[in-house]
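In the two assemblies presented below, chain A is common to both, partnered first by chain B and then by chain C.
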Partner chain A sequence: MRTLELEVPNWAGHRAGQHLDVRLTAEDGYQAERSYSIASAPGEGVAITVERLDDGEVSPYLVDEAREGDRVEVRGPIGGYFVWDGDDPQPVLLVGGGSGVVPLAAMARQRARVGSTAPMKLLVSSRTIEDLIYRDELDALAGNGFEVVHTLTRSQPPGWTGYSRRIDPGLLADVAWPAPESPRVYVCGSTRFVDAAADGLLQLGYDARWIRTERFGATG
Partner chain B sequence: MIVSRGFRGRRRDGPSDRVPPGQYLTDDFPVLSAGPTPHTPLDEWTFTIHGVDEPKGWTWEELQALPRETVTVDIHCVTRWSKLDTVWEGVSVDTLLEEVEHDAAYALAFCDGGYTTNLPVEDLTGGKAWVAYSYGGEPLDPEHGGPARLLVPHLYFWKSAKWVRGLTLRDEDEPGFWETNGYHLRGDPWLEQRYWGD
Partner chain C sequence: MTGTSELRLDGNAIGGLLLELFGAELTAAPCICAGCGAREEMARLDVYVGAGIVVRCRHCESVMLRVVKGRGHTWLDLSGAASLELG
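Now for the complex of A and B:
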């Protein structure tokens, strides 16, 4: 996983949760293009956090090869549904699996940036402590109605006080806002993760219309 | 041309007459959807054509009794994966539209979960679109749109609405879900009609 800051001339600004397309061109003109969630909050410049996929085409270049000063083509921002602007006072539940936390972190940053008082919880599921991204930054944002809850599904370091299992209805019942609060929900991760989280929330009485999902396939 | 230093690429391009510009081939079947996966029991499932003087509906059993077609098609997702030679079974939209009197130019497909997508009727007729209920010889998985999804393979795959429950015929084009959220009104992959402005 690597975070890249992109200097984009004439960037029109973006909303928390949107994505952008990165296009790479080889010397002979061959091109490959993929979408990445924008990690930075609106007004912060443009950053993406890329997970390296071993069988990927663009992500290995961005994670292993790209150096400061290299040039890529960027198109965006894209998407108007999986977004949270910070002007809505309803409680927010963010549920992220692995690198699915990237657009959710942009929403947490946006909350701090605009001084939103909407109660917000971020539930992050990672395999191991080494896979946990933005940990220090998210911990620093905690307080003032923002809470981060971690679960580590594969192994836990000594003294780990967070959860130690995959997301299930019991874990969601512990963490999620009660259904009568009609929270806004954003779930991002692999298909299996998103289905587990969304189905669990429906079991808690959440309305399907409150739940916005973004799933990534294992390609890229 | 902006060259990215050191980029070579994997170059699993596939035949250029089958893989549209900006797409790459995958053997997986990635899943994308905006909300939870709906699970409508088959005995409550119907497919209905609205927007006509006499709306026409089919139960699940009635749909199964209609002539079925097996088609092998290439599919192209706007997130840039393409998958060749996918095998589907279902009912041609021509067969369904023959049952209603209409002269509409557009249709809005509606689905469980509230998803909609708009299509010109021209893109739904002439053997180009199906209501598909089987994939790869098996009943269509809920995560891939089962029990039935629209299949419009010549357009980007978001037009092939999952969990489809009917069509509303219209005189004018009305943007659907993704089309109001930044995606192109028509979505022709060979013209790279991905987003607003393409």
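Now for the complex of A and C:
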């Protein structure tokens, strides 16, 4: 896992939740392109957090080899649906699996940046404590109406006080805003994770229209 | 159906491709299925990624849009979409 700051000429600015595409071109002309969520809040420059996938075509370069000054082709910002601008006072529920937390962290940063008073909860599912990203930063943002809840699905360190299982309807019932509050919901992760979380929220009485999802594939 | 559930993404995944093809941000663009008439934003449609891109209605699973790229050309089949609102 690595966070890279990109200097993009003529960057038009971005919204919390958007992504960009990175395209690499090999010497023989072969091209590989992948999407990465923008980790930084609007107005903060452009940063992406990349999870290294061993058999990936793009992430091993970005995580292991990219050096300051290297040039990559970038397309973006992309997305007008999976975005939260901070001007909506409704409660917000963010649910992220693994690196699906990246665009959600941008929303949490945006909340702090614009001084939003919308109550916001972030539920993060990770395999192990080592897989947790932005832990310290998100903890630092907590309070003042922002709460972070973690679940570790594979192993937990001694003294772990968070949840210790995959996201299920019971866990969502503990954490999620009650349905009558009509929360705005953003779920990001693998297809399997997103489907499970969205189904669980529907079981709590959430309206499908409240739930915005972004699925990503492990193609790295 | 095409492939396994792991290959099923959603319209967010093709936002960059659509930006390239149409010159506009389209993940929030309302699309109407020619099969069942359902209206959903592009981001809420099922996207299958393989040799090409297949976009299906999340309600009736009809193919709404297909994109195939190769040999320097791009083929776009919109016959399954009754409309695509470009803003």
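Following the convention adopted for this analysis, the second predicted complex is superposed on the first by the 219 of 220 C-alpha atoms of A that agree within 3 Å, B and C clash if a C-alpha of one lies under 4 Å from a C-alpha of the other, contacts with A are read in each partner's own complex, and residues count from 1 in each chain.
Just so it is clear, contacts are C-beta pairs under 8 Å (C-beta built on N, C-alpha and C of every residue); 3 or more make two chains touch, one makes a residue touch a chain.
Bear in mind that the values here come from a model prediction, so they are computed numbers and not experimental data.
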Simultaneous placement of chain C and chain B on chain A, clash or fit: clash
Chain A residues touched by each partner, larger count belonging to chain B or chain C: B
Which of chain B and chain C A:A173 touches, first, second, both or neither: neither
Which superposed partner A:A32 touches (first chain B, second chain C, both, neither): first
Which of chain B and chain C A:I78 touches, first, second, both or neither: both
First (chain B), second (chain C), both or neither touched by A:L202: first
Which superposed partner A:E57 touches (first chain B, second chain C, both, neither): first
Touched partner set for A:R212, first chain B, second chain C, both or neither: both
Chain C collision site on chain B, chosen from 4-12, 58-66, 76-84 or 94-102, when both complexes are overlaid on chain A: 76-84
Touching both chain C and chain B, counted on chain A across the two superposed complexes: 33, 35, 75, 78-82, 191, 195, 212-213, 215-219
Complex interface listing, chain B residues touching chain A: 1-11, 22, 24, 26, 28, 30-38, 79-81, 113-114, 143, 177-178, 180-182, 195
In the complex with chain C, residue positions of chain A that touch it: 19-21, 33, 35, 75-76, 78-82, 190-192, 195, 212-219
Chain C - residues contacting chain A, complex: 5-13, 15-16, 19-20, 25-28, 41-44, 49
Interface residues, chain A side, partner chain B - complex: 24-27, 29-35, 57, 61, 65-67, 70-73, 75, 78-82, 191, 195, 198-199, 201-202, 208-209, 211-213, 215-219
